[in-house]
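Here the chain labels run A, B, C and D in written order, and each chain numbers its own residues starting at 1.
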Amino acid sequence: MTEIRVAVLGASGWMGKVHTMAYETFPHFFGTEGGTARVVTLVDRNPARAQELAARVPGARIVQDWREVIADPEVDLVDICLPDNLHYEVAKAALEAGKHVFCEKPLAESAEEARELADIAKARGLITRVGHGFPRNPVHDLAKEIIDAGEIGEITMFKGCQHVDMYGDPMVPYMWRADGSLAPTGIVGDTGSHVFSFMEFLVGRVTSLIANNIIVTPRRPKIEGLGLGETAELTGSEEWADITNPDASQILCTFENGANGIVDFSRVATGRKFMQTYEIYGTKGSLAYTFDEVNRLRFYTNADPIGRRGYREIDVGPEHPTYAAFLPLPNFALGYNETKIIEAAEVIRSIVSGKAMWPTFETGHHITQIVDACMSSSRQRAWVDIPQS
Amino acid sequence: MTEIRVAVLGASGWMGKVHTMAYETFPHFFGTEGGTARVVTLVDRNPARAQELAARVPGARIVQDWREVIADPEVDLVDICLPDNLHYEVAKAALEAGKHVFCEKPLAESAEEARELADIAKARGLITRVGHGFPRNPVHDLAKEIIDAGEIGEITMFKGCQHVDMYGDPMVPYMWRADGSLAPTGIVGDTGSHVFSFMEFLVGRVTSLIANNIIVTPRRPKIEGLGLGETAELTGSEEWADITNPDASQILCTFENGANGIVDFSRVATGRKFMQTYEIYGTKGSLAYTFDEVNRLRFYTNADPIGRRGYREIDVGPEHPTYAAFLPLPNFALGYNETKIIEAAEVIRSIVSGKAMWPTFETGHHITQIVDACMSSSRQRAWVDIPQS
Amino acid sequence: MTEIRVAVLGASGWMGKVHTMAYETFPHFFGTEGGTARVVTLVDRNPARAQELAARVPGARIVQDWREVIADPEVDLVDICLPDNLHYEVAKAALEAGKHVFCEKPLAESAEEARELADIAKARGLITRVGHGFPRNPVHDLAKEIIDAGEIGEITMFKGCQHVDMYGDPMVPYMWRADGSLAPTGIVGDTGSHVFSFMEFLVGRVTSLIANNIIVTPRRPKIEGLGLGETAELTGSEEWADITNPDASQILCTFENGANGIVDFSRVATGRKFMQTYEIYGTKGSLAYTFDEVNRLRFYTNADPIGRRGYREIDVGPEHPTYAAFLPLPNFALGYNETKIIEAAEVIRSIVSGKAMWPTFETGHHITQIVDACMSSSRQRAWVDIPQS
Amino acid sequence: MTEIRVAVLGASGWMGKVHTMAYETFPHFFGTEGGTARVVTLVDRNPARAQELAARVPGARIVQDWREVIADPEVDLVDICLPDNLHYEVAKAALEAGKHVFCEKPLAESAEEARELADIAKARGLITRVGHGFPRNPVHDLAKEIIDAGEIGEITMFKGCQHVDMYGDPMVPYMWRADGSLAPTGIVGDTGSHVFSFMEFLVGRVTSLIANNIIVTPRRPKIEGLGLGETAELTGSEEWADITNPDASQILCTFENGANGIVDFSRVATGRKFMQTYEIYGTKGSLAYTFDEVNRLRFYTNADPIGRRGYREIDVGPEHPTYAAFLPLPNFALGYNETKIIEAAEVIRSIVSGKAMWPTFETGHHITQIVDACMSSSRQRAWVDIPQS
C-alpha cells in the first residue's frame, strides 16, 4: 500500500472541501489496495480561515501561499482548486517541480497554454488529470460500454445542453463571472466545457464548429451584499455594469468520425435549476441522458423485435465497479460529490500504478481548443476548423 | 346557419380521410352556430377507389380530376390534400376561380410561390388556411396566452425539435421522400415546417439563420414491397439509389424580437417514434412542451416565491374553448386527429364570418421563407437573412 | 355491406354526442366492410334541444321518450347514454324487444340486475356491450398481447388507481353525484369501475376483497350556479348538505389466478386532473401504464441481458390494427374520444358478424359484482368473497 | 468544539463503512461548531478483516467482540450496524452502560423491545437515534415545511410504496432474508419500515390498519455461490427451501389526524430496481415524491389561479441548510450515502447540545408497533388497532 501526499490549493471553496473530503473518504469505498492519500497541506490565501481548516483536517499544514507547496518535497500531488485564471501558472510550476497535478476544469484559458501543460507533463512522465467530473458518474461508463460494443452502431448525431438560471432575471446584479476581462469565455468555458467533456468522452474529437455566443442582458445593476439568485429592488442610484462575456452559446459542429452535433448552454435559462442532457443517435440504436435522473440511461436498440422496441430506462448498478463501490442496489442515488470521490480514487491509482486515466491534460487541451473555436467562430460568424493536434 | 360546400382533393390518403371526417364531425363538438360543412365532392385520381369513397360519404360526387372541382360553382371551399408538388398549381387555380382554400402544409415549394398565392387571396378577399395543425392543439393556445400576458417576460431563447425514426436504419430502403428531385427540401420542408409553425405562432418572425443540412445515409437499396419501417435482407443484386435531400437539419437563428433560436429535426433519429418539443425562455419565466404528454405544458414563473419555484405541469382544460368542445376534464387525451377537427371548424367559421384565422397563406409564406433560407444557408455554409416582407 | 340502424338515448350529453359522432365517423377509419351505422333516432327528454340535435344529425328522428325507440321496428341497436339509474330498466326493455344494446357504464346498480340483463341477452342471442372504453385504447391490446404471450410470466401483483380532483376542495359545493340516494356507490361505481375493467381485461376475475370506503368531506354547501371546479365564497346563510356516498375507496383484493391486488380511487385527490395508472408484476417481467402518456406502455423483461434491463417505453403503433386505423406513426396521440370510435366500430361489427366482443354484459356483471363487494366489505370492515358465477 | 468518541459495530458491512465515512466526513460539509467525531473503535466479528479496517481508519482500535465497546469508558456513542436480531440486546447493554446509541433500523424485533429501549434511554437522559435515513434527504424537510405551514391544508390521504426486484424471479435462490425464523417480519420490517418512517415524519401516528402479507414464491432452490440477482440453471438435484416470511405486503390504514392511507411494499416487483414513492393529499394542495428524481418534490396548491394550476417540480436547494452544506445549486444530485452524513452530523450535534432530533428510539417504537400490527392483522385477516402509547 502506497500513500500519496496531497496538497489542496484553494481549500476553503466548495471544490476545495469536496476534494479534501474525497481523498480522505475513498478508501472506505474503494479499499486501500490501489493506494491511499494523505492531505498534508491545505492552501488558502485568507489567514482568517486557517483555524477552521485545521479543525477540519487535523494534522495538515495550513499555508497562505501556493508557492510553498511547489517547493515542498513532501508533496506528491498538487490539487488545484484555485480561480480559473491561476490554473496555468500554478500547474506549470507544479509540473516543473516534478509534481503530479490534478487541476479543476477548465485546464487553462487558451489552447496554447493547455498544449504547453500537456507537453511538460508528457516530457516529465507525470500523471495529470483535469476535474471533468460529470462523465465519471458510472452511468456514463455504461454509455461508453454500449457505444464501444457497437450496440448503437455508427454514431451519427450528438445533441447536448447544459442550462442554469443564474442570470435568467435581468435584475440579478452584476458579478465577476460576467466580466469578460476576468472570465473571457463566460458561459462557454464555464458550462460549455462540461458538455464538451461528454463529447470528448463518448463521441470523439470535434473538427469544426459554428457558434453563436449571445449576451442576453447587456447591463446589470451593481449591488453589494446580494446572495446568488437574489434580485434587486432598485433605488435609482445604482451603478450599472456592462456584461462583457456570453450569457449563452448555441453551436453546430462536426466530429472526426463523421457525426454532426448540436449543442447549447446558457446561464439565462429561467427555470432551469440545473439541466444537463445528451442524446446520441447511431445507425442501430441511441442513448439519452438527463441529469434529472442522475444515474439512469435511456437505451434504444433495433435489436429488439418490432412491436417491443422502446427506450429502456437502465439504472446503472453494481455491475459497474465504480457504482458497486458505493451502493448495493441500482437506482439508489449516487450523488455529484461522490463522482469527486471516484476522481480522487482514480488519480491516486494512476499515480501509484503509473497509468494515466481519462481525462488527462491532453483531454483538457482538446476541450480548450473547442472553447477557443467557439469564441473565434462567434466573432467571425463563420464555421471554423479545429486542428487535430 | 350557413352551410359551406367542400371539395376534398386527395380524399383517399390519411389527410384526405381525416379532413373529410373533420368536416362531418365538428358540429358535434362546436355546434352549428358558426356554420356547417357539407362534403360535396371527393377527388381521387384512382377510379378503383371511387366505390369505397362513395360508401364512406353517401351523397358526395366522386371525381378523378381536380380541375372539375375548380370549375364547379357548387363548391365554396377547396381542401387540398394532394402531393406537395401540386399545392401551388391547384391552390392558384382555386383562388383564381374565387374559391376559399384550405391547403395542407407545406403551402408551396418556394417562398415566391407562397407569396403569389397569398397575394391572389388578398386581392380577391378569399379565406385561406394552411394545414399547420400542431399549434392548434389548445395546449399551445395556453402557451400563447401566457406569453401574450407577459407572464414569462421578454422572450430570449427558443429551442425546438422534431425527430422521427423513419430512416435511422441505413438498410431501410429508398423511397420517394428521399429523392431531391421529387422533394427538394427533404426533412426541412417535411418536418421542419412544423417546428417553424410553432416559432411563427409563439415567438414571431425569423430574421436570419444558419443551417447545416445533413445527408446521413448517402445511398439506400431499392427494394419493392417493403412497408414503412421494414428493413431489407440484401441479396447482393439490389440496385442502390442516392439520397439527394437532407436527412436532418440543425439550425441557429435570430428572431425579429431579438430572441435567439436553436432548432433541429431529423428523420434518422433512431428510437424516436415521434418526438416534438419546444422550450421558450423569457426574462420572467419559461415554457416547455413535449408531444409525449400531448396536452400538458410546463410553466415556470419567477412570480412564485423562492423555495416554491418549479415547473408547473399544467394540463390544458375546459377553460380553453377548443378543449372544452371535446372533453369535460383536463388530462383526458385530446388526440392529433382532433386538432384537424378544430381546423375544420375554424376554416368554416372563417368563411362564414369573413374573418381569417391563423395560419393563413401569409403564415404559409413566412414558413416557406424559412425553409428556403435553410436550403440556401446550408449550401453556402453561412448565415443568411430573411426579408421581412 | 350491412347498415345497422341506431338510436342514441341521452343524445345531448357528452357521451351522447361522442357516441353519435362515433357511428358516423368510424367508416373513415375502419372502412365499410364490417358494416356501417346510421343514426336514425336521437332521444332527449328536453324538447328545447330538438332543434340543435336535428341540425347536428340531418335526417334523424328526434324524440323525447325512450319508449318510442323500444317500440320502433326500424331500430336495430339501442345505445344507452342515459343517467345511471335508468340503465337497467331501459336495457331490459330493449333486450326484451329484441334489440341489440350498447350501454354506457355502469351496466346496472347491482350485480343481480346485471346478471338478469346478461341472461336475457344470452337467451335471445343478442349482442351486448358495456361502454368500458378505456381498455379499448390499443395500448392495452398491446398489454394483453404481452401478457397472453407469457412475456411477463405468471401475474403476481396488480396495482391500479384512478384519481380526480372534482372534490378535493371542501368548499366545492354539493352536487347530485355525492348523494347516496341518487348515486349509492359514489366513487366506487363511478370511477372504480374503470379500474375494475382493466383488472377484468388484463388479469382476470376478482375472488375476494376488502375495501375502505371513505367520506372525506362530510358536509358541503349547497350553492346554485357554480360550474365544475368552482368554489364558494360563503355568505353564512348557505344550506349545507350531507355527503352520503364515498369520496374515495382503498381496496386490497385477490384474483382467481392467485395474484393479489391493491387499488384505490378518489374524487378528492387535490391536484390530480385525471390520473389513471396500473402496474402488473409477473414472474418474468412487468408492465406499467399511466394515462399521462396515453398511448405508451412500459414493459420490463428478464429476457434482456443483465446490465441492459430496464423498462422500455413502448408506444403502441400501426402494428395494432385499431391504432393503424387512425394514425400512421407511433406516439402521434390517439385521444380518448377516438376509443369511442373503436367501440362503435366494434359493436357494429359484432352485430353484423354475430360475434360478441369484450366487454359484453357478462363483463358488466363481473364488474358490478366487484362494486357490490366493495360496498358490503366496507360496511362490514371485513374481507368478502365474490361468487364466481 | 467537542469531540465525540464513536465505536462502530459491524464495521465491514455497507452500513458500517458508510457510518464510519460519515463521522469522518461531516465536518467538511457542516463545519466543526456543532462538535466533531472521532471513530475510536471498529468492531467486526471476523478477525480476517482487521487489517483492512485498520488501513481504512488509521488509529482506531479493531476488536472482535462488541462487549468490549460497552465496557470501554473511552466510548461516548455506540453505533450499531449489526444484524437486526442483535439490535435489542446490544442497544440495551449500551444504554445501561450510559452510552448514547445510534442504531440502524429496525430498532428491534417487537414493539415491546423498542418500548423498553426508549424507556431506558429516557430514564437515563441519553441521546438515541434510529437509522431511518431516507426522510433526512432535505427534500423531505421541504415537504414537512410545506405541510407544517398549512400549504396543503388538512392531510386527507397518504399513499406510499417501496418496491425492489430482489426476488421477482422465482429461480433466484433461497437466502436467509426469506427465512421466517431468522427474519420473522420479512419485507414488512425490512422495507416497510422505510415507508412507515415517512408516514411518521410527514403525517403522524397510525391508529389502525389491515395488512395482507403475501408469500408469492413458496419454495426456492438452495444454491451456493450465487450473487445477488443471479438465477439458477437447475440440475434437478437441488434442495428446496420453504419461504417463510412475506415477499410483499399491501396495507390500508388510518392516522391519528383522521387521514387514511394505502401502502404497499414488495421484494418481488420484477423490474423495480428501487422504487420509493409517496403522495400526500390535503384539502388545499398535495405533494408527490419519487426516488427516481431523488431531490425533487412535486407540489400542487389551490392558491394558484385556475388555468395556472399544476404540480410544480421543486428541486430542494440551498435554501435548506442540509442541502446547502453539500451543493451550491439545486438539482445537483445529493446521493443516498450523503443522507448518512447528515445523520452523523445530527447525532453528534444532538449529543453535544443535549437536544434529541428525529428519529429517536421513541420514533423507532412507533414504527415497530406498525410492523407488529401488520403481522398480526394479516394473520387474523382483520383490522387491528395500534395503542397510542
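The definition used in the following text is that a residue touches a chain if its C-beta (ideal position, glycine included) is under 8 Å from a C-beta of that chain, and two chains touch if they have at least 3 such contacts.
Quantities reported herein were computed from a predicted structural model and do not represent experimental measurements.
When the interfaces A-D and A-C are ranked by how many C-beta pairs touch across them, A-D comes first. Comparing the centres of all chains, each the average of its CA atoms, the largest separation from subunit C belongs to A. Subunit D has its Cα centroid 34 Å from the Cα centroid of subunit A.
Distance between subunit A and subunit C, defined via averaged C-alpha coordinates, is recorded as 53 Å.
Shared interface positions of subunit A, defined as residues touching 2 or more other chains, are 306, 309, 311, 315, 317. Remark: subunit D residues 142, 298-299, 304, 306-315, 317, 319 touch subunit B in the complex.
For subunit D in complex with subunit A, the residues that touch the partner chain are 1, 14, 17-18, 20-21, 24-25, 27-29, 31-32, 36, 52, 55-56, 164, 228, 273-275, 291-294, 296, 315, 317-318, 326-338. Residues 152-153, 156-157, 159, 161, 168-170, 210, 212, 214, 216-217, 229, 248, 250, 252, 260-262, 264, 266, 268-272, 281-286, 288, 300, 302, 306, 309, 311, 381-383 of subunit B touch subunit A in their complex.
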